[in-house]
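Heads up, the next two complexes both have subunit A, just with different partners, subunit B and then subunit C.
Let's turn to the complex of A and B:
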């Protein structure tokens, strides 16, 4: 199973700043191994973030995103104690969801 | 991100080459730009993912004895992790040896978890698609010494002997390139491409270098430990392969760690 994400969510002025680290190999499909065989593409295709159940970010990703990606974004309308949930789905259908509480 | 940086570096290098008289000013600004790049990356250092995995591995029951590593003695007593790395390598009475963190972890995995020494030393460094135990444990344990001042002792005769052996290796010239560690790391203001090479014979350089390993290597997408760093230095010098947790590797670590004494530890860091 995929490793957990590291999610930090804290107030930045009147907005919530979310910083997410995801553990993923993000293989492009363009690389070859030592025997010359192509390494199959394996990357995160879709990321969604929800705030108390409401979607605040939805993104389609491709193979150009780095290994172990770092994502940072802000959204309005949150307050300390709220829950922020991030979910990624990769091209193999693997999924990972983690949650964080907004800090003041 | 890497490509952008490489392009920026190439532009900066071209500027250095054409500027002539103002080369040193350009030089400085290139270094400053790299510092900015590092600072931007530091905000989301993926080494944190290794730290989290390492903490879980530390507490997880594993091996033939189905035991966790929580009773592992890293020098400050069984199970004490906080600040332990800042005092390693050190002499351990139970093994009658000077050990660095990675060799000590091998000992703990053998004595507590019941692995054979060969199993515990196998695959110490991770790569894409291959997660290993060693680098995650190292990331976790070293992160617990962040901001702790380096305080490596050479009071025990074996510690002193390791330090002196390490110094000898550092200055030992050999191999097909007739290289020593000191060939690159004993001179001020030199670099490979745009990487500054610390002069490890100077205290502030030695401190800054040692206290920022282990590190997440952006270009490799892995956390690299100090044993990895030394092994790769040996490869770059075209020296014989440095055996993982060998006496030579521990002695060299001892020499470099002791020279960093007094500086606050600041790793796992992030490097290009």
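Let's turn to the complex of A and C:
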């Protein structure tokens, strides 16, 4: 099971600023191990962020996104105490969902 | 799959380190899991094909699309990018790195109410032109920027 994400959501003016740090290897499939065997690709393909059940950001990623990906964005219509949920799915079908509360 | 890979590597000779060809074989079976993932766009090799796969052919350059990133990245494994768009009705933002094995790094879709600006970090194999392709109100706009990389992020 993958490690939890670190999600921080706080008010920035009248918008909610969300910062997410995911724990994932993001293997490109292009590296080789010490024996020269290719390390299979393993990366997050899809990320979805929701606020009160409404999608506020969705993203398709390729293996070019850095290891332990960082993502930050802002959305309107949130208030302190609201929940922000982030889900990712990787190319092996692994999934991880974490939630954060919007801070003032 | 491995046998194919060998062949391709031989053909590309010295380029094998970066494995421009390697990604072709390796994307294979595992990608079936996420069906909504735009495999066509992510497996294209050159910039023109990628833009085409995203439907952005004929995009116009726009000053309202802004890439914020270092001009020189010391470590190509982690290059921070902020892409923002001042265009009204921005629907999606894609980040493309021209000289990566697959040009498309990430494609964000921006629903109503979300600010048209995202920050993330990507790998860059080498110094390359970086393109932000934005879809706004049904049309495509782009802006490009050259980012120098002193240490590539795809080796290992």
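Note that in this section the second predicted complex is superposed on the first by the 104 of 104 C-alpha atoms of A that agree within 3 Å, B and C clash if a C-alpha of one lies under 4 Å from a C-alpha of the other, contacts with A are read in each partner's own complex, and residues count from 1 in each chain.
Note that a contact is a pair of C-beta atoms (placed from the backbone, for glycine too) under 8 Å apart; a residue touches a chain by one contact, two chains touch by 3 or more.
Just so it is clear, the structure is predicted and the values come from calculations on it, not from any experiment.
Chemist: A:60 in the overlay: touching subunit B, subunit C, both, or neither? Say first, second, both or neither.
Modeler: second
Chemist: Kindly classify A:98 by the partners it touches after superposition: subunit B alone (first), subunit C alone (second), both, or neither?
Modeler: neither
Chemist: What is the contact status of A:40 with respect to subunit B (first) and subunit C (second): first, second, both, or neither?
Modeler: It touches subunit C, and subunit B stays clear.
Chemist: Does the superposition put A:3 against subunit B (first), subunit C (second), both, or neither?
Modeler: first
Chemist: Give one of first, second, both or neither to describe whether A:82 is in contact with subunit B, with subunit C, with both, or with none.
Modeler: Once the two structures are laid over each other on A, A:82 reaches no partner at all.
Chemist: Regarding the shared-chain residue A:70, is it in contact with subunit B (first), subunit C (second), both, or neither?
Modeler: Both partners.
Chemist: Give the label of whichever partner, subunit B or subunit C, reaches more residues of subunit A.
Modeler: Comparing subunit B with subunit C, the partner touching more subunit A residues is C.
Chemist: Once the shared chain is lined up, is A:23 touching subunit B (first), subunit C (second), both, or neither of them?
Modeler: A:23 sits against subunit B, while subunit C stays out of touch.
Chemist: Which parts of subunit A are in contact with subunit B and also with subunit C?
Modeler: 39, 66-67, 70, 72
Chemist: In their shared complex, at which residues does subunit A touch subunit B?
Modeler: These residues of subunit A touch subunit B: 3-4, 6, 19, 21, 23, 25, 27, 39, 66-68, 70, 72.
Chemist: For a test of understanding, state which residues of subunit C touch subunit A in their complex under the given definition.
Modeler: Checking each residue of subunit C against subunit A gives 2, 5, 18-19, 22-23, 26-27, 30-31, 33-34, 36-38, 41-42, 77-80, 97, 100-102, 104-111, 113-115, 117-124, 153-156.
Chemist: Where on subunit B is subunit A touching in the complex?
Modeler: 1-2, 43-46, 48-49, 52-53, 128-129, 218, 221
Chemist: Please output the residues of subunit A touching subunit C within their complex, sorted ascending.
Modeler: Spelled out, the residues of subunit A in touch with subunit C are 15, 28-32, 38-42, 45-46, 54-67, 69-77, 89, 91-93.
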